[in-house]
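Take a look at the structures listed below.
Next, two complexes with subunit A in common: one pairs it with subunit B, the other with subunit C.
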Partner chain A sequence: MGPLLHVDHLSVDYEVGAGTFHALRDVSFELTPGRVVGIVGETGCGKSTLAHAIPRLLPEPPARIRSGRVVFQDTDLLAVPKWKMPMVRGTSIGMIFQEPINSLNPAFRVYDQLTEAVRIRRLREAGLAPSFQAPQPHDYSKGAQVKGSDALARTLTPAPPPRSFGRKGPDPEELRKEALEYLRLVRINDPETILGLYPHELSGGMRQRIMIAMALSEKPSLLIADEPTSALDITIQAQVLTLMKELMDEVQTSILFISHDLGVIAEMADEVGVMYAGSLVEFGPVDQVFESPGHPYTKALLHSVPNRYKDGGPLPSLPGSVPNLSRLPAGCTFAPRCALAREKCRADPGPALEPVPAAPAGSSHRSACFFASEVPTLP
Partner chain B sequence: MTAPLLETRDLVKHFPLSRSVGQFLRRSSADAIHAVDGVSLEMFPAETMGLIGESGSGKTTLGWLAARLHEPTSGKILFHGKDIGEFDREELRRWRSRVQVVFQDPVGSLDPRMRVWQLVGEPIRAQEHGITKAELKDRVAQVLPMVGLPEGSLEQYPHEFSGGGRQRLSLARALSLHPELVILDEPTSALDVAVQAQILNRLVSLQKEQQFAYLLITHNVAAVRFVADRVAVMYLGKIAELGPVRGVLEHPVHPYTKALLAALPEVNVRRRRTRYRVTGEIPTLVHPPPGCRFAARCPFVVDRCRTEEPLLRTVPGDAGRLVACHRAEEIGDVSPQELIVQVGAPAPPATGG
Partner chain C sequence: MAARGVGTGESRLQRRFRASWQASRGLYRVLRANPLTLVGFILVVVIVLIAFLVVVLPPVTGFLLGHPVSIVPHDPNALLPCAVLPGNVTQCAQPPSVQNWFGTDNVGRDMFSQVLAALPLDLVIGFSVAGFALLVGTGLGLVAGFWDTPGTIGGAVSLTIMRVTDIFLAFPSLVLALAIAASLGRGTGPAMLAIMVTWWPFYVRLVRGEVLAVKHLPYVTAAKAAGVSAWQILFRHVLRNILDPLIVYYTLDVGTVIVTFSTISFIGIGVPATVPEWGSMVERYERLLLTAPWTVLAPGAAIFVTVLAFSLLGDGLRDVLDPRSRRALVQPAAASGLPGGSKSGTEG
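Right after this comes the complex of A and B.
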């Protein structure tokens, strides 16, 4: 069995009036089923662009996918026609966004929003609604136009099974029961009451749990969580993270977890990718990356976490700031701020991810630095 | 011991809610949000007091009260022993130059249509009427290097700066009058770790040079550890624990402080895979529960906690520490790590002693 998700040399640009911003450059990584891959980086490094590019939620234009493939369950999602993408979303790839209040519809009760997800999954399972199938029977290359008439004539699903649901779809009573189950799954007390409430009547932690319940109720093979706890308080964040870890085993999903918080990534992820200025500079098992980083940026990032008292001297901090994504330097993007930078780094755009010399044999720990062997010598 | 710079005495701030129809008909008074409920604390010159707590704990309201941006419902604020509530207009204007605030959102607190010299010079102009433009620019140019901004940026607009740069601008504006007390309301929460480290370093070195007192309001425990001398932990409008930063963060006594520290995500990968034991959410501030406000979530709760409100008191053996907990003596030695259960590994042995 291959990887669940294989992002292969993905590059995304934003073309706006001020110029072309290279938000993602040659990002490649794999996610094996049942694992959590964390993506960490500073603001503007392309984390969220990556999260939205996988289920193709980027607005195009201004975004433009320049090159690469996103292979999900052996199908290149970038080659799937756009009108088919809603079939992928939800049941195959679920998403949890940063601000739960922005993702819940304020005009509908929790019941309506949660059962909508359950109903869609049930219809898809019963073959009454079109669903994503892998592998795709036809190769729709991105350039080829799909004729409207053609699309309508083509059967999207296997022959419909006997109509067990009748015309109206699943039984509302069953939907309600299932929605309650998912609310219990995310440890909500008194789910009956919660179902009848509107999003504004809930606290932030509660809302995020509803979002998790919604995402899980579609039983996605891949869950993309884009900063799911950044808007929450520390104690509530700890509860939600604990919950997500417990639910991983219960519903058997894989998670792509995106966060700017190194601590959260350390607790959640099995493997971590570190992003800087749109490219993945390091990727590997989380303990190896955090304990013996193979890229100077990772090391600097880990060192700037305040972990000492005032009398312990100043915090080590990175000089300079993140480069402008529309005017990237010629060589390695990190070279202007890097203590190890030499002539080679300023001229050559830097190597692709290569195995870190210090990593144990067979490890997936890779970094994009010419001088990875010298990183441990940095202060 | 030196005289305190700022002292609050039983400070209370309630935000009234509008009356419901039922309350109107029954002629009962409106409910109120008990944002700050009886806070007494002292700050000394050139000291950093960290104020930590979750959202809704009233820490920002307390900061605003100290700058007199809110009027207290009851209680007093003394600055160098003088009640700032009794200042007249002129005294208040002069006092404002000695207390300055840096707000959380560097985008919202900087007027996008003002240039750097206007923004940073605005407090100077408010204090010194009739200052000429050239003099003002001169003064601003002296302030900018203090926060690490180039002098040449006088004519720029805020949008030309990055997030860290804007926060430096806010800081420059607050420091332009060389105040005695700077109230920092979440100064780094909108910033990335690398930029946060730069700003925190700058804050500490400025304090060493210029002897500012900081009131640092944040939910970021790591920032408080690095900047503060003493720390106050707030929960639901009250101070739960107060003491020297090293003591409070290494040997927390109050159960809420322990819970807060146990909930911190840990960068050290050896300690991950954990299950967090404190459950429940922050109760509403409209009808705060009687007794201890943390009782509903506290793992050490006893019956007395639900009825009798614990007062802030010193703990035997630790003079600088104030704790509001009935069971402070019994649970003082429980470490925050014991609120975390290792998943797939036996629970760590109780350290005790």
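Right after this comes the complex of A and C.
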């Protein structure tokens, strides 16, 4: 089975008054169905841009997708006309956002927003609303091969609506029942009451649960979680993470999990990508990346995690700061802060992701460092 | 509240009555929390009711009783007998009395009847002109604000709308309205048309600004991510969230339109002299201001009270329309933010 999502050399710029910010540079990775890929990195490294670029939710302008492909179920989403993108969103690619406080519409009750999501899925399932379908393998018995653009058009052609379905769509009572089911799924007690409340009457954790319920109720093949817990306080964060971990077993869906928290990623993800200054510097199975990092930045990142068993002394920190994304250094972007940096690093932009020498054979562990083999020697 | 309604064998009518009773009690609580809103609300209700009676009562009673009954005491155009003063001087402009509440004008017409007879016209003008501007302005403003990406078809449409709006806004709207009204000729219709033509650009500006502020908020992005189509996002998510300032602005605007229409009439290019209208009455009696001030004060006060009523109501509506303050006003205990603490949300 091929990858569900293949991000291929994706580059995104922000063009603002002060210049062009290279928010994403040549990001490539794959997500196989049923897996959880984590993306980790510090603030401003392009994690959220990546999350928003995949379902094309970036405001364009100021954002501009410079190059690359986002291949989802064998269709390049960047080649899909913008007005057709709503068909992909929700039921094919769902999303959970960073700010649960603002991600629910303040003017509507939970009921309205949750049933809206359920309704969208029901309509698409019934063929009443156009939806994204994975392309069928071409049937060569029927003649010449279809050209690329035709194949794309066919991919997004709405199925004709069945005549038996009412004009008003799904029955409101059924929608309500299903909304209640999803509230129970995200472990909300007393869903009947919650359904009638407005977002401002709910706590942050509650709102995030509802956001998760909304995203799941559309049964997406891919769920993008953009720092779903960073706006919550620590106990609620733990609750939501536990919930998500439980749901991952119940609802079979692939997840792209974005976080700045290494601990969260270690807990949730199967594979992890480490981002620095807009590019992916390391990618591989979580245990391998965290056990034997193949990039000095990953090493430094792991080194800076506070250890509750070790006492005394200031927390280790990395000298220098993230380079300005509008004026990137000529060589490797990490070279100015890197202990391994040599002349070559300052001149050459660095290799693409290459297999880490220390990784076991057949592993997907790759790193964008010339001297990956020397990383274990770092403190 | 659920326990009362279920299983008691209430008829549909009873249930509907109970629902509307509860809704009106909620409205009353909101109004009581803010006395000025209550004043505005009562005034608006009374004004609209009177206007309705002025129009509807005579034909209905004429049909039912055989002779029309009206709350307007005199025919507004009938000349009442003038007083004859010593020296055989006739004095037609009578000060307010029991017979003529607002006095009479210089030819003996009852001021109270004139003010009352003018009420429906002025109200209809206020509602319809502001309503027209609301519809046109909101439509154009939504389009201009939502599809404003430069270099696209939407961007070009948006740009065109905004430049045309700017051209209208560059003229002082009153002067423009006067020019249009004057070129169309005297009459109620042309004067209304003139205000309609000049009124909508303000709504375009307001709506576009609100749309621009709302459309990049996280909940709109979240709706997009859920696969909601552009039109549904625009009409469901964006429009609902900008509706509150819009309705408030509309209620305030009804008063402003009445004043503007009165101004056009005051200059003498609005309604004909035989049609009672507050602005034209102020104009007509302007020179009596010192000798018979009640002739000017009566229509002036009518304009003042009407505009004030809508302004007060508009201010209060802001609180009523926002779900956050609404529930806080109706049920102070429910505003704690704890999901378990509120019991008011189960209905619907």
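Couple of notes before you dig in:
The working rule: the second predicted complex is superposed on the first by the 344 of 379 C-alpha atoms of A that agree within 3 Å, B and C clash if a C-alpha of one lies under 4 Å from a C-alpha of the other, contacts with A are read in each partner's own complex, and residues count from 1 in each chain.
Here, contacts are C-beta pairs under 8 Å (C-beta built on N, C-alpha and C of every residue); 3 or more make two chains touch, one makes a residue touch a chain.
It should be emphasised that the depicted structure is a prediction, and the values quoted were computed from it without experimental measurement.
In this superposed model built on subunit A, subunit B and subunit C occupy separate space and fit side by side. In the superposition on chain A, A:306 contacts subunit B only, with no contact to subunit C. When both complexes are overlaid on chain A, the residue A:194 reaches subunit C alone and has no touch with subunit B. In the superposed model, A:378 lies in contact with neither subunit B nor subunit C. Of the two partner chains placed by superposition, only subunit C is touched by A:59; subunit B is not. Between the C-alpha centres of subunit B and subunit C, as seen from that of subunit A in the superposed arrangement, lies an angle of 80 degrees, given as a multiple of 10.
Of the two partner chains, neither subunit B nor subunit C is touched by A:251.
Applying the stated contact rule after C-alpha superposition, one finds that A:203 touches each of subunit B and subunit C. By the document's definition of touching, neither partner reaches A:180: not subunit B, not subunit C. By the touch criterion defined above, A:262 lies against subunit B but remains apart from subunit C after alignment on the C-alpha atoms of chain A.
In this overlay, which is a superposition and not a single complex, subunit B and subunit C have their closest Cα atoms 5 Å apart. Put simply, subunit A uses residues 203, 206 to touch subunit B in one complex and subunit C in the other. If you check the complex, the residues on subunit C that touch subunit A are 149-150, 216-219, 221-230, 236-237, 240-241, 323-324, 327, 334, 337-340, 342-343, 345-348. Listed in rising order, the residues of subunit A touching subunit C in the complex are 52, 55, 57, 59-61, 83, 86-91, 93-95, 97-99, 102-109, 111, 116-117, 120, 124, 190, 192-198, 200-203, 206, 211, 214-215, 218. Contacts from subunit B toward subunit A in the complex involve residues 48, 54-55, 162-164, 192-198, 200-201, 204-205, 219, 221-223, 225-229, 245-246, 259-260, 262-270, 272-276, 278-279, 281-282, 343. The residues of subunit A lying in touch with subunit B in their complex are 42-43, 203, 205-206, 233-239, 241-242, 245-246, 260-264, 266-268, 286-287, 290-291, 300-302, 304-310, 314-318, 321.
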